[in-house]
Amino acid sequence: MKTGVAVRKVRRAPAEAVQALSRFGVATIHEAMGRTGLLAPYMRPIYPGARVCGTAVTALGHPGDNWMLHVAAELLQAGDVVVFAMSSPDDHGFFGELLATSFRARGGLGLIIDAGVRDISELHAMKFPVWSKAVHAKGTIKATVGSVNLPVICAGASIHPGDVIVGDDDGVVVVPAASAAEVATASQAREDKEAATRKRLAAGELGLDIYDMRDKLAAAGLKYYDVDPEK
Amino acid sequence: MKTGVAVRKVRRAPAEAVQALSRFGVATIHEAMGRTGLLAPYMRPIYPGARVCGTAVTALGHPGDNWMLHVAAELLQAGDVVVFAMSSPDDHGFFGELLATSFRARGGLGLIIDAGVRDISELHAMKFPVWSKAVHAKGTIKATVGSVNLPVICAGASIHPGDVIVGDDDGVVVVPAASAAEVATASQAREDKEAATRKRLAAGELGLDIYDMRDKLAAAGLKYYDVDPEK
Amino acid sequence: MKTGVAVRKVRRAPAEAVQALSRFGVATIHEAMGRTGLLAPYMRPIYPGARVCGTAVTALGHPGDNWMLHVAAELLQAGDVVVFAMSSPDDHGFFGELLATSFRARGGLGLIIDAGVRDISELHAMKFPVWSKAVHAKGTIKATVGSVNLPVICAGASIHPGDVIVGDDDGVVVVPAASAAEVATASQAREDKEAATRKRLAAGELGLDIYDMRDKLAAAGLKYYDVDPEK
Amino acid sequence: MKTGVAVRKVRRAPAEAVQALSRFGVATIHEAMGRTGLLAPYMRPIYPGARVCGTAVTALGHPGDNWMLHVAAELLQAGDVVVFAMSSPDDHGFFGELLATSFRARGGLGLIIDAGVRDISELHAMKFPVWSKAVHAKGTIKATVGSVNLPVICAGASIHPGDVIVGDDDGVVVVPAASAAEVATASQAREDKEAATRKRLAAGELGLDIYDMRDKLAAAGLKYYDVDPEK
Amino acid sequence: MKTGVAVRKVRRAPAEAVQALSRFGVATIHEAMGRTGLLAPYMRPIYPGARVCGTAVTALGHPGDNWMLHVAAELLQAGDVVVFAMSSPDDHGFFGELLATSFRARGGLGLIIDAGVRDISELHAMKFPVWSKAVHAKGTIKATVGSVNLPVICAGASIHPGDVIVGDDDGVVVVPAASAAEVATASQAREDKEAATRKRLAAGELGLDIYDMRDKLAAAGLKYYDVDPEK
Amino acid sequence: MKTGVAVRKVRRAPAEAVQALSRFGVATIHEAMGRTGLLAPYMRPIYPGARVCGTAVTALGHPGDNWMLHVAAELLQAGDVVVFAMSSPDDHGFFGELLATSFRARGGLGLIIDAGVRDISELHAMKFPVWSKAVHAKGTIKATVGSVNLPVICAGASIHPGDVIVGDDDGVVVVPAASAAEVATASQAREDKEAATRKRLAAGELGLDIYDMRDKLAAAGLKYYDVDPEK
């Protein structure tokens, strides 16, 4: 957790890979990555239906101090999502509609913050998507420097600048920049397979048959009875 | 918590009683049962306005293992609600839109799960109601058998297969199959009484007078003052 | 926490000040008061977009006992918001649509309750705004007296009868009656200043420049690098 | 959750089985039962080293009301452990040293309570073991009847009167009366096996070899490298 | 929550009343005050057996800023207990053994802090009693002024400078300075009564008989059965 | 979070640096590192007075699966502390006295685990120190491979194999291997300075004077009054 550093140049994931990933949900991408990449489940969208896919500009801040969000505003590019990590757990309201206005004006797509936000009504009206640990109106100061665009740990996940961030109603997943294209391909493969399965399930077929589970269940010890055998 | 058993035949609550109960909210039914039957308040609907009333198909699963939901899909009938209990606390995302598609295709009305779910956007779009302890995209495996259609403890409540499950924005209540008709009648009586009270309250009458509380309050020690007596 | 007292006359904040405060959000008012007055962030609206501004009628109740809400219904006037504090932490469902009907019939605008509520669907349909610690269908009794219109501690904040209560999606703030006019003026000043800033931010200017932060950041030790200096 | 019933006669687990089980820890018994029987992990002893093994006298109480503990005191016998379940979550201080004095005078060995206790210093000094969800000095009333010696759900576990309750620093486990002898035998078998394993582990042998895990690990995909292959 | 004020002179509770209260536990005093005065149950002693009774020097601080504890050290007198309240929830480690050394050198008896502490081993070795919301090694800064010796809200309780603070394994209770003598007398009366009851309970008498509960239980609907009437 | 990899060779922090760090507490080291390195405060020792200082062997496991702890037992050396991170939050009891026996036989000093442990009494009796998120008797399986000796995120901190881990009653701190010597020196400097300060504080001098705070407090707006200026 080095502080005092702001890095200007970020090697972002390829634009086509980000574009490709934007078609998939968090659960699909997490599965396509071998069930990795999720942020902690306490990270919730501030309104239902929020959705984002972009490249990470990372920032590290201290409890009650949102100074680094202003530096992040300077260093972000069109298509970025700001990821704000904390040096210690805290729930202040670090972000509101003024900063959202600034982020959007410079091309920022959303915010992932391991702390609190405020101006929820206004952010919802702006459709500016935020995933946060808390909603809290408590204001912050600008006194201590953290960092921007160094690797951070946010909500239990390791995130590097330029990684792809996808958020939806299920939470947030991070895809390393280097594997973004590969994960997009794997996500598409998963969706294709699920589309076929969905059709069969919708027609009333059982997962037990589609996935060929009956023998495995029997081998694992499941027995069927007409009535509760202990009654 | 016996495992390895799947029971095919369930003595469900009478259809007319289920139909009758479907007209009442969770709070009303809980009151009509003498203030019993509620699941723990951490069970929340995944979208506002979710509502379900049906007969329970119960399942018991292990942390991170959703195998028994597939067996529940096989054993459910039209009008059932799946109740998924855990052998130990866990928040994985056990259920998503594919399983919802399967449940719905076979007549399942909803899910009560003492763990996590995912695909929230899709489930919301499908209007497939779920009450859960958590939202989490984390996937599950299929390795260990639990049970289906044995009695379970779900979110602190004892639930038998065939019991009536009612869920709304207030939470979830379970009505034993044998008392479903009686509880429906008591719920109607409560609603009838409340309708009369509502009219009087809406006209500006006070609960103090309608419920004849003034003497009781005085006897319990409440005194009125024009101003704070200690100032 | 004196009990057994119900006070009829409350010195409410001036109507013009309440009217003036109704134009501002919780975060703005909290800032205008020198970052004070917030209730604990666990107090959440029962539906998105809920909003209230009115004068406090305070009540103190005991766990599982909502009797004092009926006395509050008697003592409230048009424009009041009921603030219900607890003698000990509790999550019962103290309040539902019948009491909301009574409050509204007598001019009550909303409820702030450091406990649970129920009938969420009905309250949402009525657009009766409530901020609570919990949603729980569990019913309450009427057995022990508390107080009405004495000062209370609700969700960590000290609230006197007649204070101004403002609630929105960000939470709840209390403004002492005596400073309501002054806080409204300070809130307006803050909004005016923010409007100018918003315009500049929307045009792409940076907070770093608008707030003149660059020298301070450098003095505090922030250095810019083109690339991560440790790589 | 029937209320208004106090049952005098309980079919307790055989004394020899209880005696046999008293030699084992909670984790061992839980394993010997096929990993079932644990109460929720929030149930913690009020002092380190607390330990109990006895037969359950069950009670069901309402939030803030400890009346049924007095009825439990009447109905318990030497060797019993009182299990107190709640009709709704609550943290009041239901139990202190006076009730402990009463329980002990009548042969009670300890208390399992899904709520709060107080007089911790005194209970510790008396060495009266209690497992609880909370420590809270808040007092209770005696106004509403629950039940004694009906089956209850306590901290997520189903407990019948006469079942064996074992508590230690790891938590609490319940053994159905009918299987107490069998579980004691299985626990002894497990301990015997562990004693042999312990000796080998203490001599420096690896679990990998003792449990023959190396092939399985390789089959499951684990590969050894001298250094991190990605560096 | 006024800030920027440090008050030198405090009207402390009479020394004899403090002395008298020091003989009683938190639960007894809370009962003697009509079940009021408890701080929130999350306030726990940092070591078992911690105990304090003294007069409050109050301080209000901001998240992550322990400056006001140094001012409290200046303004405390022999026999005081420092009560540290927060302007917003926070868990930093505000206090350690250096400050404890300073407090003790000047006569301070202990600390009640609605935040975190550190140096737990050292404080335990010194037998310096602290009740806190958290244990956390995270350090604080000294940048923003709060207040000393104004009324505060600490862990949900209203505390004035000079009030009596009593802490033990059960938690913390505050006794208003003006009623300290009266509460000490009531506590003694309660202890005297309990001593008589304890003797009878220890001899095997039941609370049911001592408190004359049998008719009330029957009137409230409790019925005794030899066996479970539903079996 | 790569899985399927076990790395044999770890570049451990120099033995003298580890030895030097072993003289300091967690809070001191955290301060000497510029207030970084702490694991989340929910990581608590399983018995008071637990203390460890050693080099990290890292492992990553899946919920309910403790297989990698056996691989860690194989790869640890004398002086190591095992750090067990989770791929998703979980509270099972992953570790007990058998594994502790194995770790100790091979030179392991302790365990840091972002999950649950069991056999608390036995571990305490062995004086085998563990810091964990939970105590839970629930057993685990051995089915899925994770990793050993890759970098992990444990309780919110980034930990590399070979880093120095220090745990005490305040929690856990990680010191990167490369800076261990430097941090030990800085810790000693801090202790030396604190020793001088402690002497002055113990003699009754105030921090206000020792740290020269009076002018800064006045500049920040603190004013002294003999009595509360608002009374």
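By written order: A, B, C, D, E and F. Residues from 1 in each chain.
Note that in this section a residue touches a chain if its C-beta (ideal position, glycine included) is under 8 Å from a C-beta of that chain, and two chains touch if they have at least 3 such contacts.
Computed from a predicted model, the values in this text were never measured in an experiment.
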item: Those chains which touch chain F and also touch chain A; value: B, E
item: Interface with more contacting C-beta pairs, comparing A-B to C-D; value: A-B
item: Duplicate of the C-E contact set - from A-F, E-F or B-F, the pair where over half of the pairs recur; value: A-F
item: Averaged-CA centre spacing for the pair chain C and chain A, given as whole angstrom; value: 30
item: Centre-to-centre distance between chain D and chain A (centres being mean Cα positions), rounded to whole Å; value: 40
item: Overlap residues in chain C, where contacts from two or more other chains coincide; value: 3, 35, 38, 41, 88-89, 91, 138, 143-144
item: Pairs of chains found to touch, sorted by chain label; value: A-B, A-C, A-E, A-F, B-C, B-D, B-F, C-D, C-E, D-E, D-F, E-F
item: Residues on chain A engaged by chain F in the complex (per definition of touch); value: 1, 3, 34-38, 40-41, 87-89, 153, 156-158
item: Chain E-facing residues of chain D, complex; value: 2-9, 47, 67, 70-71, 73-74, 91, 93, 96-99, 101-102, 104-106, 116, 118-122, 124, 134-139, 142-145, 149-150
item: Residue ranges of chain F touching chain B (in the complex, touch as defined); value: 62-64, 88-92, 138, 141, 143-144
item: Residues of chain B that touch chain C when the two form their complex; value: 25-27, 30-31, 35, 38, 41, 44, 48-49, 51, 168-171, 173, 194, 197-198, 201-204, 206-208, 211, 213, 216-217, 220-230
